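In this document, chain identifiers A, B, C and D correspond to the written order of the chains, with residue numbering beginning at 1 in each.
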Amino acid sequence: MRGFRTDLAMESIGDGSGGIEGVQVSQQQMGEISRTRIVIESRRAAEALSRPRGEYITLACDSLSRCDTDNRKRLVQLIAQGVRAMLPKDGEILVVGLGNRNVTADALGTRVVERMLVTRHLREAMAEEMQGKLRGVSAIAPGVLGLTGIETAELCRGLIGHVQPAAVIAIDALAAYESARICTTVQITDTGIEPGSGVGNHRLGLTYDTLGVKVIAVGVPMVVYASTIARDAMTRLMDEYGLMEDQHSPAAELLFRQISESFLGDMVVTPREIDEMVLSVADLLSDGLNRALQPALDEEMLHTYLHG
Amino acid sequence: MRGFRTDLAMESIGDGSGGIEGVQVSQQQMGEISRTRIVIESRRAAEALSRPRGEYITLACDSLSRCDTDNRKRLVQLIAQGVRAMLPKDGEILVVGLGNRNVTADALGTRVVERMLVTRHLREAMAEEMQGKLRGVSAIAPGVLGLTGIETAELCRGLIGHVQPAAVIAIDALAAYESARICTTVQITDTGIEPGSGVGNHRLGLTYDTLGVKVIAVGVPMVVYASTIARDAMTRLMDEYGLMEDQHSPAAELLFRQISESFLGDMVVTPREIDEMVLSVADLLSDGLNRALQPALDEEMLHTYLHG
Amino acid sequence: MRGFRTDLAMESIGDGSGGIEGVQVSQQQMGEISRTRIVIESRRAAEALSRPRGEYITLACDSLSRCDTDNRKRLVQLIAQGVRAMLPKDGEILVVGLGNRNVTADALGTRVVERMLVTRHLREAMAEEMQGKLRGVSAIAPGVLGLTGIETAELCRGLIGHVQPAAVIAIDALAAYESARICTTVQITDTGIEPGSGVGNHRLGLTYDTLGVKVIAVGVPMVVYASTIARDAMTRLMDEYGLMEDQHSPAAELLFRQISESFLGDMVVTPREIDEMVLSVADLLSDGLNRALQPALDEEMLHTYLHG
Amino acid sequence: MRGFRTDLAMESIGDGSGGIEGVQVSQQQMGEISRTRIVIESRRAAEALSRPRGEYITLACDSLSRCDTDNRKRLVQLIAQGVRAMLPKDGEILVVGLGNRNVTADALGTRVVERMLVTRHLREAMAEEMQGKLRGVSAIAPGVLGLTGIETAELCRGLIGHVQPAAVIAIDALAAYESARICTTVQITDTGIEPGSGVGNHRLGLTYDTLGVKVIAVGVPMVVYASTIARDAMTRLMDEYGLMEDQHSPAAELLFRQISESFLGDMVVTPREIDEMVLSVADLLSDGLNRALQPALDEEMLHTYLHG
């Protein structure tokens, strides 16, 4: 699978059947939802997979945007659990929505931030009793470098100095290797956002190293790069024709590259209904995150705070 | 190229070098813009190309959305000329924007309609002198079947009975075969919109046969189907490996089909910046159409009527 | 209250304490929601109130957009009941969203149409058993005269000839006399939409007379005209200073008119959060309408059809 | 005019005929545009006017959103001149768009930021020759306290520490006293944004004192508070009836307050077409600001950088 671009740890490890040294994989099936937990433990495994050491929770189902009420409730709960387990027990949280709000497939982060229950500014005005129940949350979708002239990581650093959160939750639209992953998979990881990942290709990452606080990243694949589709089709064809050993020949690589480059870097594959799907997935993620951040509020109270 | 989906007559005729009986092709280069005129004359040619008899004007340049001021002016003029030559000399015109306004790549028709100078309701209130100068134009973007429960063709038929236009101009987002065509090509044709074409796959066409008036269709490719990308990559690979004669073997067709179907019908390839490009192309087309429909108004007056 | 503009029958009859001949008024309180039923029976009463004979249901509560879950459920039910009682027992229904989607306070009709369960095109493909359960619904938001060049009433007439609905439901944003009515009141009436009403001032009405089928109108006040606010302030002041008899003097009328005209026709008063409120009210109305139109579907099934 | 809310210095000084000590006023008429320069020099004058010492440039014309090409060009030039005269000669500039992007009348700042030529991130990659010509500009529309949990002023402070701009340009939607000011007036001032001003009522100001750098504020009235309309109508009536001396009586004040409070704080008056007007005014302001910030680029080059 070399050469293919994916932001999902689950796709990096392949079908995992053989097992990779230094990588723990465990899987559970809950109704129609599968939950996979991958822990990359050793530096060597991290290097082999080009992915930082840490924990990766992957939730998958047939469709995140069109599941029935029961599966949706289960997904919200599983997202909440996954995030809560990675959160520091106390302290304020800063939610950062990455990506470009003007690019449909890249707007997921912004759309989630719009749906967060923001409480940081309310806490002072609250009764002491309530203060203890409500976690301080701030949220921002600062916009991409091309629109602001400022790297998101730089901007967050300034903000973190001021807000002093115990952790950052970063939301991003991801690129996958398989088109079947689009809007069907949630990845939650304590490794933050890596440079070069996301639909919009962040130049700097958002990690403990760059921000100085823990960064929990939550993402959903929204695109597959068009070059990946082409490369994949060719690989399958070569397999079919018994040309496997040829796949890494200079001639095949040249052809691969010619075709990939003819699609340029910014051609992406999405479902035709991606506009609607992004909003629906943002609803799902924000429900899970608000639940994770405010365990003392029940569904009704969360709804009242958000819309009431 | 069999099996590939395209809404461009220009891609159907291939490189045209050999010439097809019953098809006239002529080409002009104007600075960075090429203008190709295809006339499908014989029924036989129409059948061979699966495309109705009629005239197809294709304008192509490096980018419709990012060209410099001079090339933009030339494009506006060429669109205006192409449409004006197909318009009846007198009578009202109904502009119909096809496609789904909630799907970025399919919203072109709606965005153009929003930018049209609509005059039908103004003419009665005008000085007689001005009336003679202003063509009556009405415009509607009725929305797709899935959102209205009504076929666009049905809806137009009712409206045409009432408005009695001399012709319809239908605007639509197209699917192309080559990704390089996206937002770089304008097709203007007097054959109307065929069933099964467009990003949203219209079930009924908008043609003289279905509407009872001449239908001029103006479209710009906004997507390539993901299956086309995959198929194309495989074909190139087979060419490279000298497997040309194998391309139509049952085994190859089966593999083609498996891969294509794995992408489902609604996976499309677009540039990442498609959101912004659609708006920019809509500005361009509406400038050309307003010029074609109101030749008595100069640029300044058109601007005043539209925004003043 | 002469001279004040309102689209609410409830405001036209004033506090109703005295009783008006030919007008029946009955009121119920259900928790925080009040339901008023006004029937204008005689031609004379209709003339006195400048409002057509017919039934007007008014639902009022503190806020349509921010009520708690229980009150929201009750509102949905009351809207569904009110509309269902006016609907013909059988036959297809056409839902028409009036107003301009590009003007926040006037976009209510469009936003409701976007949320309707549209079934007309699905019924043919359905099992016979299901067909009996599902009412045929089509829905369109055709846009205002200034954007299309076509009167909404004209456009509907053509469409009705084709779709042959048993009734039309027309949704519109209303203007009220009291600012406290904005986003707190729903009016349901079997008299249709009158000429000159609505935020956007429809030139032609949508009524049985113009369309040839029953028209049920559902509306919510979104604005108060600025001139109404000014006039109202002045009237209160005159009351306070014992200048009541002066209110209809030519001098007072002249001053009234000068001030009103200085605000022009298109200055409106809205809450600052009107953008969000419109979406929330559209959710509420569409929930009620979908329930009224599809009584055989429970909440879960409605949700699945709409989003699944 | 006590008690009326306005963000325009021009309205605070009244018709200025009598002259106020410590305040300089000069006015020029350029075709249909008037340019007024107010300098509040003394602390005493500042206190009397409840407005900080500094320079206020006011440009006024019949309509900012619907002026003809010539007046628009002149406005762009006058905005550019006004801002450039207040800018430090060298150093990077940070443009901050205030207000809530989800509230039409409050979205002006965000819409201007979206249209700014952002160069800070490009300068490193540029030829040295070009670097000298291009001023470093970054731009952000961080969102309001209720959506982020973070005061705009706090957020800017963190950002300024990092970006180190020579000055901030803050863009905001204003509230006026006279409805005729809406979308007809631009105010440019070197005093920054005051606490409590703007459509959204900023709790903290953006000034030299809070940010540590010069703050140039550019604003356009988008609303009048509904209570202002009511108060104004009542005052005019009292004048008419010779009750002037009564205007400050406790009874009149009580009535004033009752009516104002019945409209709540968040009822605002806007033209019905405010949605479209905001976009048009944002185009105008950004054209003026981009010209002010990049005097070395001509119109064609600015267009190419922004859209090319």
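Some points to look at:
Simple rule for what comes next: a contact is a pair of C-beta atoms (placed from the backbone, for glycine too) under 8 Å apart; a residue touches a chain by one contact, two chains touch by 3 or more.
As the structure is a computational prediction, the values presented were derived from the model and not from experiment.
With chains reduced to the mean position of their C-alpha atoms, the one farthest from chain C is A.
Across B-D and C-D, it is C-D that has more C-beta pairs touching. Here the spacing of chain C and chain D, counted between their Cα centres, is 37 Å. In whole angstrom, the spacing between the mean C-alpha positions of chain B and chain D is 43.
Residue positions of chain C with contacts to 2 or more other chains are 102.
Chain A makes touch with chain D in their complex at residues 102, 114, 118-122, 136-143, 145-151, 154-155, 157-159, 161-163.
Residues 66, 68-69, 280, 300, 303-304, 307-308 of chain D are the ones that touch chain B when the two sit in their complex. In the complex of the two chains, the chain A residues touching chain B come out as 102-106, 179-180, 199-200, 223, 226, 229-234, 236-238, 240-241, 243, 251, 255, 259, 262-264, 266-276.
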